[in-house]
Amino acid sequence: MKASTVSSTAAASQPANQINVNAPRKSFLARFQRWEWMLVALVVIAIVINSRLTPYFLNAQNLSRTSADFMELGLMMLPMVFIIITGNIDLSVASNLGMCASFMAVLWNLHVNIWIAAGAGLALATLGGLLNGFLIAKVKLPALVATLGTYAFFRGIAYVLLGDQAGRGYPPAFTYLGQGKIPGTLIPFSVGLFAVLAVVFGLVLHRTTFGRYIFSIGNNENASIYAGVQVARIKMTIYIVSGFMAGLAGLVLAARFGSTRPDIGTGLELTVITAAVLGGVDINGGIGTMPGAVLSLLLIGLVRFGMGLKNVQDQVQSIAIGSLLILSILLASVARTISASGLKFNWRNIATAAAFIIVFAAFFFFFFWSRAPVLKSVFG
Amino acid sequence: MSEYVLELKNIAKRFGGVEVLHGVSFGLRPGEVHALLGENGAGKSTLIKVITGIHQPDGGEIFLNDKQVHFDDPLQARLAGIAAIYQELSLCPDLNVAENIFLGRQPTTVGGSINWRKLYSEADRLLTSLGVHLDLKAKARSLSIAQMQSVEIARAFSLNARILIMDEPTSSLTLKEVAELFGLVRRLRDEGTAIIFISHRLEELFEVADRVTVLRDGSYVDTRLVKDVTRDDLVRLMVGRTISNLFPKQDVKPGEIALKVEHLSLAGIFEDINFELHKGEILGMAGLVGAGRTDVARAIFGVVPPTSGTIQIEGRQVEIKSPQQAISLGLAYVPEDRQLHGLIPAMNITSNISLPILKEYARRGWLQDKAERSAAFSAARQMEVRANSIWQLARTLSGGNQQKVVLAKWLSTKPRILILDEPTRGIDVGTKAAVHALMSNLAAEGIAILMISSELPEVLGMSDRILVMHEGQMTALFSRAEATQEKIISAATQTIKTVRAL
Amino acid sequence: MTVKTPTASRSNLLLTLTRYREFGIILIIIILAVIVTLRAPVFLTLGNFRDILLDISILVIVALAQTMVILTHGIDLSVGSVIGLVAMMVAFTIKANPTIPLVVVVLLGMALGAILGSFNGLIIAIGKVPPIIATLGTLSIYRGMIFLYSKGYWIPPFQLPDTFKLLSKGTFLGIPHIIIFAIVVAILVYYFLNYTRTGRDIYAVGSNPDAAQYVGIRKQRIIFLVYVLTGIAAGLAGVLWASRFESSQTNTALGFELQTVAASIVGGVSISGGVGTVPGVLLGALLLGMINNSVTLVRISPFWEQAAQGLLILIAVVSDILIMRRVQRNKSK
Amino acid sequence: MKRNTFYIVLSAVAMLSILLSACGTAATPTTSAPAPATSAPAAKRTYVLVPKNLGNPYFDAANTGAQKAATELGVTVLYQGPTTADATAQITMLNALIAQKVSGLAISADDADALVPTGQAAIAAGIPVVTWDSNIAKGGTQLFVNQADTQGIGDSQVQMALQITGPDGGEIAILSATAQAPNQNAWIEVMKTDLAKPEYAKLKLDTIVYGNDDDTTSYNQALALIKTYPALKVIVAPTSVGIAAAARAVKDQNLTGKVFVTGLGTPNALRDYVKSNIIPEFALWNVPDLGYLTIYALDAIASGKIKGNPGDTFTAGTLGSYTIAPDNTILLGKPFIFNKDVIDKFNF
């Protein structure tokens, strides 16, 4: 380096506490942030509770079958982690999934070879990702706005393509993607695919220049631009990848169903985002790990499967998932606030808290009262 | 009954683990202009935010007219008669001029709804009395920085406060505007308002202040009557010691032309900028905040490419469209705003330093930890960054150390042309001197340096030549020998074109 | 690229037109209206206009509230679930007490909505949870509560008294009540945002939160308030929904939140806060309603409806941002 | 640091309680967990009646019949479905049911094709699968309990339309559920064929629109129909959601007596409209009987009485004896026409 010694006249004023070169970087496990450990704990707890509550849980066949139900989510979640770390979002993934699967189905119905049809579907989904990337990186629309538009547009294209038709009768070689198992094991092929891709995405995020740029963009986009990071190109790339992965998820889902209809995968986008955020990916960008996201997907799967075994309705299951999501962020932020400034017990805060408690209690009283026939006859 | 309208006793304030105010005491008399003096980072702005209720003190007491007060938020301070103009501009960009003036206390009718007519007429009256001419319905976003500052001043004045705090109100005003402002300040003082005044320009202080309190490193140093002190006294109080050589500029014989800029323009921002920068030369760029200096630097560095004009690097004409391209051409740019453009606060020192040339530490995209680490380490050590390890997060460092990290980052790209934008803003004197020494050494090694600075002593002390800008135009170019403070100020505030032949 | 100063007159014309951000969307509305009318003259009849208004009344009520949230740089994804939950609770209450006065029903719905909204406000303003996460969570929670509450049953039309159905269907001076509700809400929100200090504080908080705090605006309260207001609006919408559709189901207003966001955004509300007007949002909702209406009228295959809607949203926001950018460039000359 | 540890513990406890309470309340919305084993004695056998979605009165009515059968047979019938008519959700739920090794599944499919692998998996796991209301495509089921044959339903729709318009005929339009619903599409095909016949020549089919079995969408589609086709006389809506929404649209537009609605629906939801002559008549099979028959058929297979092959015969309680047709279906009976005179005899 050219910068030679710094003039000592000025700098000698205070003893410099030199950087210690030997100070070890925190080991991987130690850097594995607290939230990941928390998720590990929750996963263990969920496994214990599930196996206590129902004898059907610890059954390889059952676990194998149910694990495949969450792989489309997982495939879409991987690039979503990238996108959220850059401080953006993609609401269009599930619609893009539908567009890919529908395009493939249309071609299949026209007697195109299934692999060519699947490739074309993937290409269209990738193109969809490109459109998102263009709107966000070049036109500079806010990601939420752009993908809200394409969310409607892509799903619309799926309907235009397939209308009231369905794609069905896919050859076994194709349905293997969603229904097959890795030979000699009970592990569904889609789970294996997800595992491999999760490792690849994890390595890219944590071990490559590209991953480093993703974090730097999410932390400080402006400073990244000044440091010569090609922000627009990277954003474009991750949206294209997101499109491709949504397409892949579309193929896997179509293969699992053995058929395609244009409404395939509707509404999955919110679950995908939930999984990423529950995994510790900061919605404001800059923070997140791939292991965390994968663990959170596992947790969601376990909670849903466990509750499903206890015959809890899916909407009621989502109360648990929604609460986990809010609590995961809320507790961290409350802890931060308290450790920064302490709890203030003045009369105003206590009165406010009391008011909230009374109001919410009143709500729940009404919630139960207005349904209960006994009380109705008393008050009615 | 004490003599003070506002009295602070032993105010302490911590941010995270860092104590930034250590028991500061301070008394403000009615009808005085009391200057608050200290280097960047001495705690002036924090102290002011404690007074106005933005921050709550961790220790000490505040008395207002002998009654102890505690402000939970700025509203309570405002209702108690305290108004402030903050250093960072605090307008709402999407609201118009008139509303920004009366934000949070718009005049209302009897029924409680906002009386827009009255709001505009009062805003008009106020601005007229301040001698400012602005479109009342223009959105704040569309104003120049000087205009924004006028709006802030109008807002503070409109409060009819008993205590008025002005944190660097003049940093982007022209001489004429400053004179008008001082007229108003004196008028208010004579009407009994107590005024706290902060400025980096010592001359201004002598012109307008009655007493001066000096802070250093978050501690109270002394309070003096302005008429009893000299400039040198104040500098000594501020710095706490005599700095033997704050500007260790070595004489370097300029080499060949490294950067040549001709007729450079960015539509609506600046136009027709011409200069040459030689190897081994430090070219200072002076001017008011908002004069367009940073925009010129950003244009050269490819952040916002110029709309016309040419750039030659080492005799070769180039078109720089992105910072990445600029870096590969041997340019480096240490930006003005560390937090916004310089640093990735939530990443560690290593990642920050390696970011511009990350590809050099990677094989086919895969990061090679060892190479990155050793390069970052030697860069950090060379800059004498004080930290526990190179894995410490950048945001946990002090301002001076953050600036060193940013410098280390850019020097590790081995630039041939270095653009420094306010390289010593907000850092302590020790680091400042170190940065100046570094600049001098770099120049001696043949690196061409373009330095933007709003601190005239720095410009005068470090530059071989000085370019002055005003409102997007180049108004003067002085050699080191002919430059004086007065000449630069006059060129920076007047639109007379006095570009000299090189 | 060399940019020459555009002639003054041209830039002035553009400026004056686009000083009103609604310019772009009005243009799109006119173009769409002309095209549709050419294909289906019935489009330009008073009756059809009335039907469009009927269709967007609930959207307008909630989108205006959503706008207030977006103005503070927030978002409320839970409105659809709030509407559903309130509709369900109100419907069950009425079914049990058919004689309950309508005023009480409306107030009850708004109160329930306010409570649900205040829960959002609490975790966002006090708990500092990012709005998108908080309301994504309550979107699931409230929707699940509908199911817990109703135990999977629905309220069919015949279980609701006629008086309740008339709450939305009845007419006053020939105008259906539901449209009057929307107009009243629009006027109230317009007044609130433009003629009260609290309303202006919402803009200030969204435009520059620190600056707002410096001048003494209580940021947390404002943020809490907008979510409560949105809850109230969604509560009212829930009552009207149950009345208009004469029933309440577990999937009532499922996915409605994205429509309200779309109406705001198309109406020129900036997702980053501080920018947006009531007339703009009304036009945004009108455009969405017109798209729905015209796709069926023009007898395009119904499968094109969603694609057309998505495309028009994209066109509206892209053209808006391009116009604004050009204006800014010209202005800075 | 200490403090942080404390909060981690705190939040772990909070999360745990969420999980626990979620699982704890698990059993409340439904009956207790099913007992395992297929060949268990009758008292322990647990069947699951799976509708397209919950909260739909049509399926709820079927459930009343199913529960009646359960009482007679001495078995348990759970009523479990997704909260929206969505194949993805239905499959996830079915996987959980298969995992519990329930004694039998009676499914109304949200998607005929997408459910094939799941149906196959259930059969492979030794769980009998019977479909009702909406079939699963080949291989995914052992038996389909058909509410009424496609031909009969299609015919009834066109007949009712002509009945309403009178011999002079007029314009009609179809408001269907989703474009993907297999039974809807089959009926519509029959209707189109019928309309081509000379006896229905006076009926002119304007268009087919889809309300997605969503009340709002159906309502808006009906409104659009009324507006687009001023001469429209009858809206035929062979879906319980669509018919109610269409009737409401007619009422709201004050077109009672000008535009009529008919189709398939449930009596409770349509009672008011039948009485006010917006829906002069509509058709439906006896829905509780459908649930009743389904459970009897499932029990016959699950208990090993029949194999579920064509030609097998079993007795379904009060409904009498049924024989499985060559296409592996059994037919409940002819659709029933509801009008002003008979509607008050039914309550479902």
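The letters A, B, C and D name the chains in turn, as written, and every chain counts its residues from 1.
We adopt the following convention: contacts are C-beta pairs under 8 Å (C-beta built on N, C-alpha and C of every residue); 3 or more make two chains touch, one makes a residue touch a chain.
What you see is a predicted model; the values in this text were computed from it and never measured.
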Have a look at B-C versus A-C and report the one with more C-beta pairs in contact. A-C
Based on CA centres, what chain would you say lies at the far end from chain D? B
Chain A-chain C separation of Cα centroids, rounded to whole Å: 27
Hey, how far is the Cα centre of chain B from the one of chain C, in Å? 43
Distance between the CA centroids of chain C and chain D (whole Å) is 34
Length of the line joining the C-alpha centres of chain A and chain B, rounded to whole Å: 41
Sequence positions of chain C contacting 2 or more other chains: 147-148, 152, 250, 303
So which stretches of chain D touch two or more other chains? 29, 54, 83, 179, 210
Chain B, residues touching no fewer than two other chains: none
Listing every touching pair of chains gives A-B, A-C, A-D, B-C, C-D
Per the touch rule above, chain B residues touching chain A in the complex are 16, 241, 243-246, 248, 301, 303, 322-324, 326-327, 333, 335, 340-347, 349, 351, 355-356, 358-359, 362, 365-367, 373, 377-391, 409, 411-412, 414, 430-434, 436-438, 440-442, 445, 447
So in the complex, which bits of chain C are touching chain B? 1-3, 5, 191, 194-197, 200-201, 203-204, 206-208, 210-218, 274-275, 329, 331-333
Counting only contacts in the complex, chain B reaches chain C at residues 52, 54, 73-79, 84, 86, 88-95, 99, 103-106, 108, 112-114, 116, 142, 155, 267-269, 307-308
Using the touch rule from the top, collect the residues of chain D that touch chain C in their complex. 29, 54-57, 60, 83-84, 179, 207, 209-210, 214-216, 219-221, 223-225, 227-228, 230, 244-245, 248, 252, 268-269, 271-272
Contact residues on chain A for chain B in the complex? 1-7, 9-11, 13-14, 16-21, 23, 25-26, 207-210, 212-213, 215-216, 219-220, 222-230, 286-287, 340
